[in-house]
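What follows is a set of structures for review.
First chain A sits with chain B, and in the next complex the same chain sits with chain C.
On to the complex of A and B.
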């Protein structure tokens, strides 16, 4: 029953009585039961010491840091306990063999497109032409011979997808085009914020498995980031982040008051972030009856299951079929 | 699973019990803890608390609720909202 905690206030995080205490700048104390923590996200200015880090490591709890604007800056994670050289070697083999790599990359893109279309069909008035365009583009995925070709297809699909946001979002929110680094309008700011949350969630789930987060298939594995996290988030971004945005905007939970614009950079302020995160956490906790496992599974668990399926594929146990939401 | 845990233990052991329970659940009032917990963790928690208790003098009541959506919680006076995920 572990869950994520989000710290927005400034203060001190410390180990006391074999559990975690948070003391904010007004000396209010609160205990976080160590057994209930999955991950702690720090948005405020927090002091902490190595005693705390050592204790968190014992329980395998990750600390994620975000900067002033709410962008992900990094994670502290404990020594990895689940390691398997065998899996990593096989994972790398699947990267090295271009055919095998292409198969996995295609699976990721196809699943992402499936979820994109699912979102669009739910709000289909006025965007039938865009849906059709994406459906036509989707046929090219099968034939793609190279990864960059695949990336091109995905880029074009996303462009049409983001165009449809203007019709899907009911109030005055709109989007001209996708802009990141930095986002300039509220919708872009929400997409960026949501994607960075998604990225940390996926990474924390990868960390619980034997996969190596640096070896990726769709994105080029580069030195500075955990690109497998980017690959797997691709599947879940439309499924989780975008639906969170739609429900926040269309139910008028979030308004323009929850955004700050400074020198052309638009970002969610603290109130906005809290609203976004509560909806995001609610979404991750939603359960769906799994057809194969025959029990209820949360969205967060679906991410982990995706990792397990990849492992099975790598070690030649079962062919990887990406998640395609059936509900 | 949601549990509410209340205890009445001798003065000597009260701090030990409280500290142990703090690792697993949220301390809401004097001698009252509550929170979401898995069955396995609850078992582990009770096993550890058991070692502290003196069964002749102390008592520990555990109220288990299968689904937390069935709880209707009303608060009179100060709402400390300890179960908030935002700090």
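On to the complex of A and C.
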């Protein structure tokens, strides 16, 4: 079983023989067994060299970097071993044909909305009107003729959704509106933090398949980001990240003490990040009995399954239907 | 018509998959592999590394195409964990014998089932030669299909590395 490692302190990451070591600034040594690493997340100021990178690449291990505020900076994505030209060519065909692209983009948005509504219904007091508004807006997805129209629908839905956070979240946590860069309140800070964790988790699952992370459908394929990761994240953000936030806040695990504000930027401090990550990892590991596979499947595996369904769609095996959590 | 091996040669594992599942063969031939979630592959590697330490020639690569486990004066040997897929294992080895035969090297085959401590000897006959040729023609045809063969549930699907891939579905 491989897992993600998170490094919060400053120090040096290095390879010696067949082991990875993290040595912090006080010379404390921590061992990371190579076969057990899925992805390493670096929050501190870390020195590393190409010898380490080459070694990690052999094992297909991703490195994700975060800045001082814990905001995502980027990922080192090693060259893939399991490539399938056939799959990539067909994936690209589904991007190039606008009808086909729209079909997949709609599926992503509809699944996201399904999960958004699921969250809202669980806490429905006082937000019935917002739920209704979203249900009405959802009907437009089917009719949308263009991707930007679809993006507009999604934007409006998210606006109503985030408004409902003020009711869903007990305690004094609230949100005026969603602000991405930089977040200025704790709720926005958590959404941003959670969404970047989600993005890297999705990337690491894409990595294990033959999908090309640069060819996306809802988001415009761009040179800067592995935009397929953004696409697939849409499905899982409400299902995983938002439920983590609700549980942390409503069970009073996270309080205002876990946030710092500097120069107008609100961010989770180290204690806050650790709490968030541990709940996030717990969620990813939670299993559900899959009604088709008849076996237990973790939330993380659900992401991989989504990749498999996309591959099947691209190679003409079976039409893609997005996940709509039934539990 | 004369059968020309050069036009049909494939990796041995494809011959194996041909007898297990045509869909698996197709997916594999398109580069859609499932290494990352197969424990059996891992076990296979371990068994392999530990079983034949004493014998010198292990894993010989022939013609950039065949990875033969062990080659000695009389035999080509294959190491397998269990005997569940006997037909597939046998035909994969038969293909090796056929291939070597076409290079003018005559050998017999020996399959070692490590777990069961059992061996099976096989010999290339004319009948098997024809069967291998037919199989190679079929493999080429299947690999060139634009779509994978339709999913049909086989008794060993739940143990296959492709199980999640093949059977994941949404209920609407």
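Here is the rule we use: the second predicted complex is superposed on the first by the 326 of 327 C-alpha atoms of A that agree within 3 Å, B and C clash if a C-alpha of one lies under 4 Å from a C-alpha of the other, contacts with A are read in each partner's own complex, and residues count from 1 in each chain.
Please note the rule applied: contacts are C-beta pairs under 8 Å (C-beta built on N, C-alpha and C of every residue); 3 or more make two chains touch, one makes a residue touch a chain.
Model, not experiment: these values are computed from the prediction.
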item: Which of chain B and chain C A:172 touches, first, second, both or neither; value: neither
item: Which of chain B and chain C A:210 touches, first, second, both or neither; value: second
item: First, second, both or neither for A:263, with chain B first and chain C second; value: neither
item: Touched partner set for A:82, first chain B, second chain C, both or neither; value: second
item: Which of chain B and chain C A:19 touches, first, second, both or neither; value: first
item: First, second, both or neither for A:316, with chain B first and chain C second; value: second
item: First (chain B), second (chain C), both or neither touched by A:281; value: first
item: First, second, both or neither for A:6, with chain B first and chain C second; value: first
item: Intersection of the chain A residues that touch chain B with those that touch chain C; value: none
item: Chain A residues touching chain C - in the complex, by the definition given at the top; value: 82-87, 208, 210, 290-293, 301, 304-305, 308-309, 311-312, 315-318, 321-324, 326
item: Touch list for chain A against partner chain B, complex; value: 1, 3-9, 17-19, 22, 24, 30-31, 33-36, 274, 277-278, 281
item: Chain A contact footprint on chain C (complex, rising order); value: 30-33, 35-37, 146-148, 151, 163-165, 167-172
item: Residues of chain B defined as touching chain A within the complex; value: 1, 19-20, 22-27, 35-38, 41, 45, 82, 85-87
